[in-house]
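The structures considered in this document are given below.
One chain, chain A, links the two complexes that follow: it is found with chain B in the first and with chain C in the second.
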Partner chain A sequence: MVTLTIDGKEVSVRPNATIFEAAKEAGVHIPVLCYAKKLLPYGACRICLVEVEQMKGRLIPSCTTPVTAGMVVNTISDEIRKVRKTVLEFLLVNHVVECPVCDKAGECDLQDLTYEYEVTTNRFKGAPFAHETDEVNPLIERNMNRCVLCGKCVRVCDEIVGYGSYSFIERGFDTKIATAFDRGLNCEFCGQCVSMCPVGAILPRPFKFKARPWQVKEVDSVCGYCGNGCTVTLGVLKDKVETVRFNDKTGVNDGNLCVRGRFGTSFVNSDARLSSPLVRKDGVLVETDWDEALDVVAKGLRKAQQAKGVGILAGARLTNEEFYLLKNLSGALGTGNLDHSGGQCYKGVTEGLDSVLGLRASTSTFPQVEQSDFILSVKADFYETHPVFGMVVNQAVRRNNAQLVVLGDKKAKFSKLPGARTLLSRPGLETNLLNALCFVLLDEDLARTEGIDNLEAFKAALASSTPEAVAALAGVDAQQIRISARELAAAKNAAILVPYGMPYLAAASELGTAAANLALLAGVVGTEGAGLYVCGEKANSQGAIDMGILPAAGALGAPQMLDALSQGNLSALLIAGEDVLSSYPDRETVEKALKSTGFLVVQDIFLSDTAKCADVVLPAASFAEKDGTFTNAERRIQRVRRAVPSPGAAKTDFEILCALCERLGRPVEQASDAAVFAEIVRSIKGYEGIALDQIGAQGVVWGGENLMPLKKNLVSVEGAQPLSAALSLITGSTLHHSGTLSTHAKGPLSVCPEPFVEISRQDAAELGVAEADLVSVQAEGVKLSLKAKVDIRLPKGVVFIPYHFSQLQLNRLYKGQAAVAVEIVK
Partner chain B sequence: MSAAEEQNLEEEEVDLTGAHQVIDKYIDMKGALMPVLQGIQDFYGFVPEACVHLVAERLNVYSSQIYGVLTFYAQFHLKPRGRFIFRICMGTACHVKGAGRICDTITDRLGVGHAETTEDLLFTLEEVACLGACGMAPVVMVNNDTYGSATIQKIDEIIEKYRGQAAEQ
Partner chain C sequence: MFKEFAKGLSITFKHLMPGHSTTVEYPKQKLAPSARFRGLHRLVPAHQREKCVACYLCPTVCPAKCITVDAAENERGEKYPRVYTIDLLRCIFCGYCVEACPVEALEMTGTYELANYKRADFEFTKERLLK
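Presenting the complex of A and B:
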């Protein structure tokens, strides 16, 4: 520790701290414009100048100057005030002052400083900036006439996002911040630049003129999209979510958000939301009241229960409390036919993990990844499914020089990070590659085998998974597999990332098993700082596993339920919060099952394709309209808070499930989220001893920061065989969408409005297809028409279609395979 | 981007072989961006946009950063330049001796202003600070040839000389 004096106060701080950081710790305020906690020191604005006794004769920028022992710092004096005022005068020479119509007013650092330093006149004259504003994109408005050239947007886009949209262009007085060739913004639209801008130069366009910062009520909740579990602070005005506010004090995301979290909450206010229960009468869904709807549901389910039984399917975006009630409901209906998210998916991965480690969750927490020295990302889509966790990986690689290895069927954003190595394999062979990595660890005696069961049998089963054999099969370089395995073995804090979701159903449990084997052999599990991260795609994928939204022993899982429905062996189906018709693989089978269902009840916030088939549709509440908890992909339990009332008569799934339980003769004793959470704590393994009140700003990670394996049991798994086809179709996530929900949100839709098929440059050239050409992708008599996108991510012979858009009906082609042989016709 | 600009981009088909060769030469060098851009400018006479995107892809540098570098240094040009670069000295001595009128005349004869290039890609006009030959003011340079004590009449002769040279080839 270094001890110094700031404004007469003695302060002890860590050796590498800057004067600014030391002052902050001592509770001394120094004004800044270009400083941000999460960015590297820059020293552009000169507002933070202070006096240092030992460095007399000039003022010292406190945000870039490291502390030294015995330093005596003055943060305010007449001289400092004068100089800061002059700096502000300089900034105000060109700054176009339009505070009355600037959305930043009220929380603008420049406005606040101008006020604090009483800059009423300006001794300097000059022409105000006259740059054109960027009006091209629908999400981020850039008005460079308000820019103070602090460079925060340039730095956040580079350091954290790793996209690099912005740069300083020109020189001297003409310097400005712009994109390449000074065009309109065309990027990921995560809006990190918006959150960093200290003035009104970069603003979120959807929130423009919606609410003054002091008018909104801020409600901290958890983003309802992916398993990252970012805190979103909703700005509420007159019972409407108008803005998403910057907040780096709460949650795990350090104020970082992606396009979905920042611009994707508008689905909450959508006119298409269901606001009244619907009951099918004479073949048509008609509006009714809750009493009638619930009576019909209760009667229908009772009847079905006495006939061939009821099945329950859920999406992975309900709260833990709602999942818990769903289990109650299944009890009331006397059925164990309970499942979620297609019944394979993330659940499969956790089953694989369970067989090896006795765990069904990530072993460590996200912040630990920043200190990792080796990161293996299994599947190329990690940044797409969990963008904000992806930013942590960016920082580990860019700032801390972690070696990153991406193992997937296409190149990813991660592939561009400095020094990243991509093992680009034929689709569906991740398990084979993980096996090969295990092989190298054992073959070269790099594995940590002490206390591990089943080693010999595992070795024997692995004999054919030599890097050379797998490399030949997968089309990668064997040497690269060997090098990666050696690096993994040598790493002190390695992280293995496995993102998983609906579009990757094939061999999920095999992949989970293979990843767990590797983690075990590499000593990644059970070591502080290292970890195996299995990341479910949806906001509460982990919660669904923890709460046990799984088929009871001997009961039917999701695919079996659909089969049983088709064959008339199941009488009714209740679906809560999932558009199974759009997101489950093999639409034909799902369609047949839903059509044959005697009684179908759907709880949802939109009239989805699935809801359109229902006998009763119950309008549910979005994440912004309910209280409860989500458990994110690192086991962090965080509180979801009600910010606005639901539209019309819509109720939360919690309320709906309570009402149903009551009507079915098993009322919930204390129907409050707190009471149900207490019930969860009593009965769910891992959640013991957690009090709802204790879940504060950073949430509570169940099981602690590092989860120890309950067993160490290697389980051998077979790899897959590659599909032999001229063109293999793979599906997955795009960055701008999450599940099908985001296709109801204006923000993500404005950036990625329609489905597309991504084709490699080589294939595009051979097929004579150019960007944005309309092509048809066909196989087995199914034909999908969509626009082409020519990219360098894909290897030749592989095409990619994201799975989010229900109107495309991609699941007519995609039936859960790792890849589908297709033809593309222009 | 306006429709016209997009049209322009499509027309601007650039053969990237030269750029690839330049990048190949420096690809393993640390801090390769400057020599690569200089090499590309040597090859094409300017830095075409398509090359910026190629450099971004191959050197793994953001296009925006490359654009920042290109606009920071006066040595780089983003538009095609003429075969003959007229540099008119606007320094103090030349200014006093009528550089303004010399410049106006050239603008009048060629139809281009400062930092502009004639449509036939023959001439580019540049007003520069001081060429360091004040004794010969007003001074004009064309590529590496220097012309001192310039007059309006001389300017016409100089322009004709280079037009002649271009016609010969």
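Presenting the complex of A and C:
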């Protein structure tokens, strides 16, 4: 620790802190424009100049100067005031003063400083900037006439996002921030630059002219899309969620968000939202009131339970409290047929993990990844499913020189990061590659084998998984596998990332097991700083696993329920928060099952394809309309808060489930989210001792920062065989969408409005397909026609279709396989 | 003492003479208010549109919360008040809105005859305020 004096106050700070950071700790305010907590020091704006006794004769920029012992700093004096005022005058020479029409006014750093330093006149004269504004894209508006050249957008796009859209162009007075060749912005549209801009140069277009910052009510909540669990601050105006505000004081995401989180909340205000219960009468769904709808549901479910039984399926975007009540409901009905999100994928990966480590969750927390020196990403599109966690990986790569190795079937965003090594395999062979990595660790005696059970049998089973054999099968370089394994073994803090979700159903259990085996052998589990991360696709995937939304012993899981329904062995199905028909694999089976269901109840916020088949549709509330908790992919329990009322008569799933439990004769004793959370704490393993009030801005990680394995038991798994086909279709997530929910949000839709099939350049040339051509993808008599997108991400012979768009009905082709043999016809 | 008494009364009688009255026979006769009188508001027109840029400063400063503004983007990409309404039943004629306006788009006129028969008539919309 270094001790210095700031404005007469003694402060002790870490040795590599800057004067600005030390002052902040001492509670001394120094104005800044170009400084941001998460970015590297830059020193562009010269507003933060201070006096240092030991460096007399000039003023020192406090945001770039490191502290030294015994430093005596003055942060304010007449001289400093004069200089800061002059700096502001310089900035205002060319700055177009249009505060009345600028949306930033009211929270503009330049405006605030101009007011504070009373810059009422300007001694310097110059022509105001006359740059053209960039309004080409639908989400981010850039007006460089308001820019103060702090470079925050340039740096955040490079350092945090790793995209590099912006750069300074021209010199001297003509300097400005521009995109490549000064064309319009065309990027990931994460809007990080919007959140960083201290002035009104970069603004969110969907919120243009909507309101002034001071009129917006801010509600801290958690994003409802992916398992990353980013905290969002919803900007509420007249009971509508209009925008997402920048807030880097809550959560672990440092104010970082992706396009879904920042621009994807408009589905909450959608006119298509369900606002009253619907009951099927004479074959048509008609609006009714809650009493009637609930009576029909209770009667129908009770009758069905007495007949052949009831099944319950949930989505993974309900809160922990709602999951708990759903379990109560299954208890009230006396059924163990309970499952969520397709069953296999979530259950598979976590069961695989469980068999090896005795755990069903990530072992460490996201901030630890920033300090990693080796990161292994299983599946290429980890960034696409969990963008903000991807940004943490990017920081580890850029700031900590971490080696990133990607096992996957395409070269997605991660493959572009500096020094990233992609083991580009044929689709569905990640397990084989993980086995080969295990083989090298054991073969070269690099594995940490002390205290590990079942080692000999594992070695024997692994005998055929030599890097050479796997490399030949998967089409990768054996030497690269060996190098990667050696680096993994040598790493001090390694991280292994495994995403799971609806598009990755194939061999999920094998993948989870193989990843856990590797984590165990590489010493990644149980070591502080290192970790195995299993990251669910949806906001509360981890919560669903923790709350046990899984079939009871001997009861039916999701696929078995669907089978039983189509064979008439199950009488009713209750679906809460999932468009089963659109997102489950094998639409034909699901369709048949839903059609033959005697009594189908759907709780949802939209009249989805699934809801259209239902006998009763109960309108539910979105994440912005309820209180509760989500558990994210690193086990962090965070509070979701109600920001707006639900449309019409819609109720939260919590209220619906409470009412159903009551009608089914097992009322919830204390129907408040706090009481149910207390119940969860009493009964759920890992949640012991957590009080709801204790869940503050940073959330609470159950089980602690590092989760120790309960056992160390290697389980051998067979790798897969590659599909031999001229064209293999793989599915997955795009960066702009998450599940099917984001296809109701204007922001993501404006960037990625329709389904597409991504084809490699070589294949496109062979097929004679150009960008945006309408092609049909065919297999087994199913024909999908959609636009082509030609890119260099995919290897030859692989095509990719994202699974988000329900209108495409991709699941008529995708039946849970790793890859589907298809034909493409122009 | 009588002298002072007479002097005082002479002033009183002088005011009783025609042409010396301070009151006027309203409504037959009306006084012109001074230039800084705070009467009915007026939105100042500019070329093709109102001068107001919908900055929301007047509804923010208004102590009576009687101003409703809703901004929007016009076909030229400019910010303009789609809705600008003053509820005169709530207005206290303090003039803060005029003071806050950064573009001098709002002024207060000498119109003080604001009585009406219906509540709705006290809602001064943008069109009425622009007159």
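What we mean here is this: the second predicted complex is superposed on the first by the 826 of 826 C-alpha atoms of A that agree within 3 Å, B and C clash if a C-alpha of one lies under 4 Å from a C-alpha of the other, contacts with A are read in each partner's own complex, and residues count from 1 in each chain.
By our rule, contacts are C-beta pairs under 8 Å (C-beta built on N, C-alpha and C of every residue); 3 or more make two chains touch, one makes a residue touch a chain.
Keep in mind that this is a model prediction, so the values were computed, not measured.
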Partner chain in contact with A:Lys208 - chain B first, chain C second, else both or neither: second
Contacts of A:Ser165 with chain B and chain C, given as first, second, both or neither: first
Touching partner for A:Phe805 - first (chain B), second (chain C), both, neither: neither
First, second, both or neither for A:Thr179, with chain B first and chain C second: first
Per-residue touch tally on chain A - higher for chain B or for chain C: B
Which of chain B and chain C A:Pro100 touches, first, second, both or neither: second
Which of chain B and chain C A:Tyr117 touches, first, second, both or neither: neither
First (chain B), second (chain C), both or neither touched by A:Tyr35: neither
First (chain B), second (chain C), both or neither touched by A:Pro418: first
Residues of chain A that lie at the interface with chain B and also at the interface with chain C: none
Partner chain C, residues of chain A touching it in the complex: 99-101, 105, 135, 208-212, 214-215
Chain A-facing residues of chain C, complex: 53-57, 60, 71-73, 77-79, 102-103
Residues on chain A engaged by chain B in the complex (per definition of touch): 136, 158, 163-171, 178-184, 416, 418, 792
Sites on chain B touched by chain A in the complex: 1, 49, 52, 56-57, 60, 62-68, 71-72
